[in-house]
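We call the chains A, B, C and D, going by the order they appear; numbering starts again at 1 in every chain.
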Amino acid sequence: MTEALLEPALDLASLLLLSGGVFLGITGAVGVLRFPDFFTRLHAAGVTDTLSAGMILAALMLQAGLSLISVKLAFILLFLLYTSPVASHALARAAVHAGVKPVDAKPGESSSPS
Amino acid sequence: MLAAAAVGILVVMALALVRAFRGPSICDRILAVNMIGTKTVLLIAVYGFLSGRPDFLDIAITYALINFVGVIAALKFIERIAASPPPTRPEEL
Amino acid sequence: MNDDIVLTVIGKLLIPFILLFALYVQFHGDFGPGGGFQAGVLFAAGIILYALTNGTAAAMRLIPPGLLAPLAALGVLLYGGVGVATMLLGRHFLNYSVLAQDAVHGQHYGILLIELGVGITVAAVMLLIFFAFTSRED
Amino acid sequence: MLYFLLLFAALFGFWLLLSGYWANPLLLLLGLASSALAAWIGTRLEQSDTRGYSLRMLLRLPGYWVWLVGEIVKANLDVVRRVWRPHTYPISPVIGHLPLSQKTRLGKTIYANSITLTPGTVAIEVSDDAVMVHALSESAYADLAAGDMDRRVTWAEGRSG
């Protein structure tokens, strides 16, 4: 009995996660197109790299069920969460070194490191 | 449902491609390419499910890895170039 | 090149797992997509990531470049050796069926060894090329 | 040696989960050999960043990650708002240096990656006592400057003293 109820519930959750993930991906891409300078675009790209990827992979995990396929999907998610901030950080750092200037960014208040 | 998701991911990649062509700085282009790379990983995973062959996940992991190493390599290259000409950026040397 | 904390630390933490994944791809060549060529590239990519994040000198200490040319030759030798072994056992070049009691196991071991040879050579040559380019600039 | 054994065990577990052929003696044997090779190379890396961490940190990190996932979701929603309704929620970029309190390089890395992982803030440069941050909005910058995340990472690092 529970099986018959669980199956559509899982499918629905998977559908919601999948559409949410794609929506977030498109949001990030629109942000990358719309934001004024490189550094603000970096934040928009962060949306597609974190939650969007997480939701799409979680949706696939729900479809795969408890199996080694889900474990591999979890590895992919872990790897993306592990490396995407490193790539973003390296991008920002390279941009600063290459002389890309942030457009009208205010200086932060609690600046002046000792 | 999976096919729709695959199309959605392709739309994201197309939008990122526009940014890659528009630039303006080299960093914008690498940002876009990196984004296309992570979306490709997701696309391979979704396609694996779509075609009922989840062994595609190994390819997805491989792609994610190569994409990461490639982006880091490109960025190191840019930093090296940015650091090399002394008249423009004397503080780097 | 000045040191970046995030890159050096992450580079070190990732490498053992990248190498293990490369070896996994290497040895599951006949069970799923994969095989010697991809595995060799992945293995080399792991070391190259270490070189990019921690410096070429550190990577050369990890994998001595002097070892790479012999390794590349060893891979080819392994490939050819399996072929010659099958000929000595009375079959055609690279007809693995004779490598074990029954043909299925023979094929299995034969492909495993051949792929290992390909993997070793590809990884060694990729690293040789990488080191040749980077050490020219420093 | 302890480090080698821990790494070896982790890598072999990774192999088992990847492979899925748990009854094939040849693949198990190759897995042991592969894990040993990867762990051996792992012990030959520069050790200054990977040694000397307490077990306490391993136990505390999962709790920190749960909190971090919540933060990531919140930060994502904020950026989504700013993408789709730029007039109601305008962006106001801020760039500045914030102090950090982690003692180890791994701790600083975790903090910097947490900053970047929450959309709306990106860590640009990490030095010994400060991190240079670019934020999409003043509120995102102020949240970070309040120091909650910094304190949590330092707690997870487990080196109070």
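The rule is simple: contacts are C-beta pairs under 8 Å (C-beta built on N, C-alpha and C of every residue); 3 or more make two chains touch, one makes a residue touch a chain.
Just so you know, these numbers come straight off a predicted model, no measurement behind them.
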Looking at A-B and B-C, which one has the bigger number of contacting C-beta pairs?
A-B
CA centroid of chain A to CA centroid of chain B, Å:
13
Take the average of all CA coordinates in chain B, do the same for chain C, and state the distance between these two points in whole angstrom.
25
How many angstrom lie between the CA centroids of chain A and chain D, rounded to a whole number?
15
Computed distance of Cα centres, chain C from chain A, in Å
33
Which chain C residues sit where two or more other chains touch them?
4, 6-7, 10, 21, 28
Of all residues in chain A, which are in touch with two or more distinct other chains?
28, 30, 42, 72, 75, 83-84, 86, 89-90, 93
If I count partner chains per residue in chain B, which residues reach a count of at least 2?
58, 61, 65, 68, 72, 79, 83
If you connect every pair of chains that touch, what shape comes out? Choose line, ring, star, complete or other.
other
Chain pairs that touch, as defined at the top of this document
A-B, A-C, A-D, B-C, C-D
Under the touch definition given earlier, write down the residues of chain A that touch chain C in their complex.
82-83, 86, 89-90, 93
Across the complex, what residues on chain C touch chain A?
4, 6-7, 10, 14
Using the touch definition from the top, list the residues of chain D that touch chain A in their complex.
17-18, 20, 72-73, 76, 79-80, 82-84, 86, 91-99, 112-114, 116-125, 127, 129-130, 132-136, 138, 141, 145
What does chain B use to touch chain A in their complex?
1-2, 4-5, 8-9, 11-12, 15-16, 18-19, 25-28, 30-32, 34-35, 38-39, 41-42, 45-46, 49, 54, 57-58, 60-61, 64-65, 68, 71-72, 75, 78-79, 81-83, 88-89, 92
What residues of chain D sit close enough to touch chain C in their complex?
7, 11, 14-15, 18-19, 21, 27, 30-31, 34-35, 37-39, 41-42, 44-46, 49-50, 105-106, 108-109, 112-113, 123, 125-126
